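In the two complexes below, chain A is the common chain; its partner is chain B in one and chain C in the other.
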Partner chain A sequence: MLKIAKDKLPELLKAWAINAAVFVPQEKGGTRVFQPWDGQPSLTLDGGNTLEPPKDLFFPRTETMYRYEVQGKEAGVTEIPTFDGKMVLVGVRSCDARSFLIMDDVFLTKGYVDEFYRRRRENTRVVALACTQNAPTCFCTSFGIDPGRAEGVDVQMWPVADGYLLEPITAAGRELLDQAGELLTATDTAPPPAAVPGLVVDVTGVTEKLQGMFEHPYWTAVSRKCLGCGACTYLCPTCHCFDIQGENRGNSGYKFRCWDSCMFSEYTRMAGGHNPRPSKKERLRNRFLHKLQYFPERYGKFACVGCGRCLDRCPVNVDITRVIREVKEVAL
Partner chain B sequence: MNSIQEQMRARARELLTEGTVQMVIGWEKGTFWYLSPPTFVTAPEDCDRLVWDEFCTNNLAKYLLDYKHTEDKIAIFVKGCDARGIVRLLQDNQIDRERVYLIGIKCPGVKDGRQAAALGEEKRKEVPLAEKCRFCTHPEPVVYDELLVPDGGEALREAAAAAEGRFAEVEKVEAMNPDERYAFWTAAYDRCLRCYACRNICPACNCRECIFDRSQSGWCGKQMNRSENMFFAITRAMHVAGRCIECGECERVCPEGIPIMTLNKKIIKDLNELFGEYEAGVDLEALPPLGQYKLDDPDEFH
Partner chain C sequence: MAEAPVNPLVPMTGRIIKIVEETPDVKTFHVTTEQGKPFTPLPGQLAMLSLLDVGEAMFSITSQGPEHLELAIKRVGMLTDALHEAEEGQMVGIRGPYGNGFPVEDLKGKDILFIGGGIGLAPVRSLINYCIEHREDYGHLWIIYGARSPADLCFKDDLFNNWPRVENCRVDVTVDKGDATWQGHEGFVPAFVEELKPDPAGKVAVTCGPPIMIKFVLQSLEKLGYKDDQIITTLEMRMKCGIGKCGRCNLGSKYVCLDGPVFTLAQLKQLPNEY
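Let's look at the complex of A and B:
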């Protein structure tokens, strides 16, 4: 186990920043989000999870895909140079680390590789930070996530009184720590115990139960208070829906993709005006079925990591843990 | 323990049992002690779900739009701001007064759930008044069919509304120079996720189809960038001009903490200066300043 003193951490980030853009959680307008580290000495790694998940570093809110130009009968397409920088994400919590693996399933498996996502993902090193305290809205352990040790990361960090313990997990993580030089010292200090969330829900059997619930009146009842806004989807680390549209000016323009939300009426509106999900009942149902039924059916895992962001920010307290509990209780 | 809450449950049960109404919209206890989200009761035996506490924050008026095309009569609990939301919806012919039954509550002001979460339950008494209640001018409902009155002579307001502070945030922004102001608003709206929580909770937003749900109309694109986000912000602010009831729900529900009410209040302040004092959703008969024309209206362009 290696250790770095708290006041030396900026120096480590500085070393990493020579070859990569380093992202750390920072305060911005009263909220905490992952931001490029700009060399400031004060770090707020220990302030709990970020308001926004770090997913936009791999899957930006808005991303230009290609440009086009038309001249007479000729049309040309200009590729957008793909991302070739390097990133180091520091302070990623176990829940968000799991979300990266879920996003990988979507963008990199089942026969299609999304190049935009792949370039960013492959060029990024993830330094996880264990949780030694949690919010009332946290429920990661319900999805088998260990708040004390993240999956699929390069380096695991633990906060201790005067610094951080670090353990390289992958070869790339070892390289990162090799760059630290004198900053790290060997220690036999044991990692602090992880904070175990108080909010727990038993997800066993929920997928199978939902398979028979598409037409159940429960969806009417649970959706009544839903506002139909997209806050839950945009703050969710695993929601990955996007739309592709074009911006045209005269003879040229560009295609972009941007986040989309299944909570919006426009999401499923077809040419001609028909909408197979006409009200918030169908939309809310889809959101929960996607996370708890369709995704497990396709990828063998839930598309929820228990980060609690939706629960924390939903204006009307739509609570996925309560939905799971109620789904398991309702009579078919 | 709480006479308002007991009266709430009793009245809801009576109204549902008699068949006077088919649904009661109120609040229930949520996942945590500091959350009392909306609830919809249709059976008399479920009325004990209803609660009244300092976290019954949500303005319930907007939900009536969900039942616009049903035959049901709906009872709804209204605080001061909820009642103003009802007046707004009535003025816009969105709801039928005969099909709603309004149970008024003299609101003592609700508490800030987010700060409550940070303080912890043992400090429940210290939780401050919600931002949206700090400058409330109408804690008592402006319209109701019956009024629940607490029996213990409970103070009407735990913190007296200081109307003079109503535009304090606006004045701070007005005092900035144009560059500072630009920096202030772009920094705020660069964070905007375009989740539309502000729009969806707003009782002044009741268009059948919203411009922002028509991204291919060419008005406002779906890209989350400064230009489109600012267009969204300004369009929405102008759209609720003269109709914003200052319930503050947009700002409360914004996941990014954007000071939306500062924008809305700037417009309210300007309207007051240009067209005379007007408070939306207070008087059913008083037309909104932008919904009427007077020969002596100022016509200079600001």
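Let's look at the complex of A and C:
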């Protein structure tokens, strides 16, 4: 096990920042979000998880896809040079690390590889940080996530009293730590115990139960108070739906994709006016079924990581853990 | 064949080389690229077509030639309005092919009953033409087609000249309401199907049209004794990416752009009724 003193951490980030953009959770407008490390010497990674998940680093909320020109009958498409920078994400919690694996399934499998996502993902190293404190809305362990050790990351970190323990997980992670030079010391210190969330929900059998619940009146009841604001989907680290739009100026313009939400009424409305999900009932049902039934059927895993952001920030307290509990109890 | 860009979300540039006016609100666009046919789709597959400065949408490919694709497009919104204003020679963006297409291998040796309504004949036509090109592989072809009025009949040349001349191929046409010139059958497609009584033995029915027509055609076929796995339909869904990422065309855990648009009725009955 390796260790770095707390006051030396910025030096480590500085070493990494020579070849990559380093992102860390930092305060911005009163909330904590992942943003480029600004070189501040007194960095602290304490303070629980970020309000927004770091998914936008792989899947930006708006991303230009290509440019075009139209002159009368002539037209041309110019591809945008793909992302070729390198990124290091420091302080990613186990829930968000799992979300990266879920997003990988979406963007990198099933016949097509999404090049925009792939380039960012492959050029990024993830340094995870174990949770030693959690929020009342955290429930990652319900999905088999270990808050003390993340999956699919390059380096695992643990906070200790005077610094951080570091363990390389992948070859790329070892390379990162090799760049630390004399900042790291070997230690026998054992990682501290992880903070185990108090909120627990038993997800066993929920997919199978939901398979028989598409027409159940429960969805009308649970959707009644939903405002359709979409906050849950924007804050969700696994929600990946997007729209494709264009911005046209004169003879040229560009096409971009931007985050979209199945909570919005326009989302499935077709050009002829038909909308297969015309009310909040169908839309909210789709969101929960997608996370708990459709995604497990398609990819073999839940599309929820128990980060708790959606239930923490929902203005009317729609709570996925309560939905799971109630779904398991309703009569068919 | 043109080289597809590495990035599946970026279109090739193509050109509309021919426009056929099918009806007052349907035109068929022949599209090719400088390198030749954009790609070679299976019957029933889809293409994303764009007027780059207007928008992009998914359309079924109604037929293809050695050097071009044909897309029959009804005027229903902003993009299709602009396409209908476009002239031959106009460059477009095109990407694809997307979706599963019709199960041409499984259909070999079978009689096929095609039932189309309005612009819903567009995807079905790709399979009809495929079966005609591979005539020896398929049994009797029977095409039942209807439109609102004589003026709304799509692909008139195929319906009245080309397909009736194909060996072992029958074409029956109806209109909801005729006019002074119309000598043919009048009445809705589902009732017409029940009148014609196509025997289900050895047949597969392939149907596409407006949702309300499909709903009643399915009931008619059921009355005639067709089983769920003898009925194939192709769905329309709002699709943006075409590659199973953007999320909006899901029916349960299936994506219409990847796992569809072609489904048997037996498969559809396993999926949530959200189409």
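We adopt the following convention: the second predicted complex is superposed on the first by the 330 of 332 C-alpha atoms of A that agree within 3 Å, B and C clash if a C-alpha of one lies under 4 Å from a C-alpha of the other, contacts with A are read in each partner's own complex, and residues count from 1 in each chain.
Following the convention adopted for this analysis, a residue touches a chain if its C-beta (ideal position, glycine included) is under 8 Å from a C-beta of that chain, and two chains touch if they have at least 3 such contacts.
Note that the coordinates shown come from a computational prediction; the quantities given were computed from them, not determined experimentally.
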- Query: When the two structures are superposed on chain A, do chain B and chain C clash or fit side by side?
  - Reply: fit
- Determine how wide the angle is at the CA centre of chain A between the CA centres of chain C and chain B, giving a multiple of 10 degrees. 90
- Would you mind checking which one, chain B or chain C, touches more residues on chain A? C
- Message: Touch test for A:294: chain B only (first), chain C only (second), both, or neither?
- Response: second
- Item | First, second, both or neither for A:31, with chain B first and chain C second | first
- Message: A:57 in the overlay: touching chain B, chain C, both, or neither? Say first, second, both or neither.
- Response: neither
- Using the touch definition from the top, say if A:101 reaches chain B (first), chain C (second), both or neither. neither
- Message: Let me test your reading of the model: by the given contact rule, A:316 touches which partner, first (chain B), second (chain C), both or neither?
- Response: first
- Message: Contacts for A:243 in the overlay, against chain B (first) and chain C (second): which applies, first, second, both or neither?
- Response: both
- Query: For A:196, is the partner it touches chain B (first), chain C (second), both, or none of the two (neither)?
  - Reply: neither
- Message: Going by the contact rule set out at the top, does A:17 touch chain B (first), chain C (second), both, or neither?
- Response: neither
- Min C-alpha distance chain B to chain C after superposition on A, in Å, is 9
- Query: In the superposed view, which residues of chain A touch chain B and also chain C?
  - Reply: 243, 260
- Note on the structure: Within their complex, chain B touches chain A through residues 30-32, 35, 37-40, 58, 62-63, 66, 117, 187-188, 191, 193-197, 199-201, 213-216, 221-225, 249, 252-253, 255-257
- Query: Which positions of chain C touch chain A when the two form their complex?
  - Reply: 5-13, 51-57, 76-77, 79-80, 87, 89-93, 211, 236-238, 240-241, 243-248, 250, 252-253, 258, 272-275
- Name, in rising order, each residue of chain A that touches chain B in their complex. 28-31, 51-52, 61-62, 136, 199, 221, 224-225, 227-231, 233-235, 243, 245, 247, 256, 258-261, 264-266, 311, 313, 315-317, 319, 321-322
- In their complex, what parts of chain A are in touch with chain C? 65-66, 68-70, 73-77, 79, 82, 106-107, 110-116, 214, 240-244, 246, 248, 251, 253, 255, 257, 260, 262, 267-272, 274, 276-277, 282, 286, 289-290, 293-295, 297-298
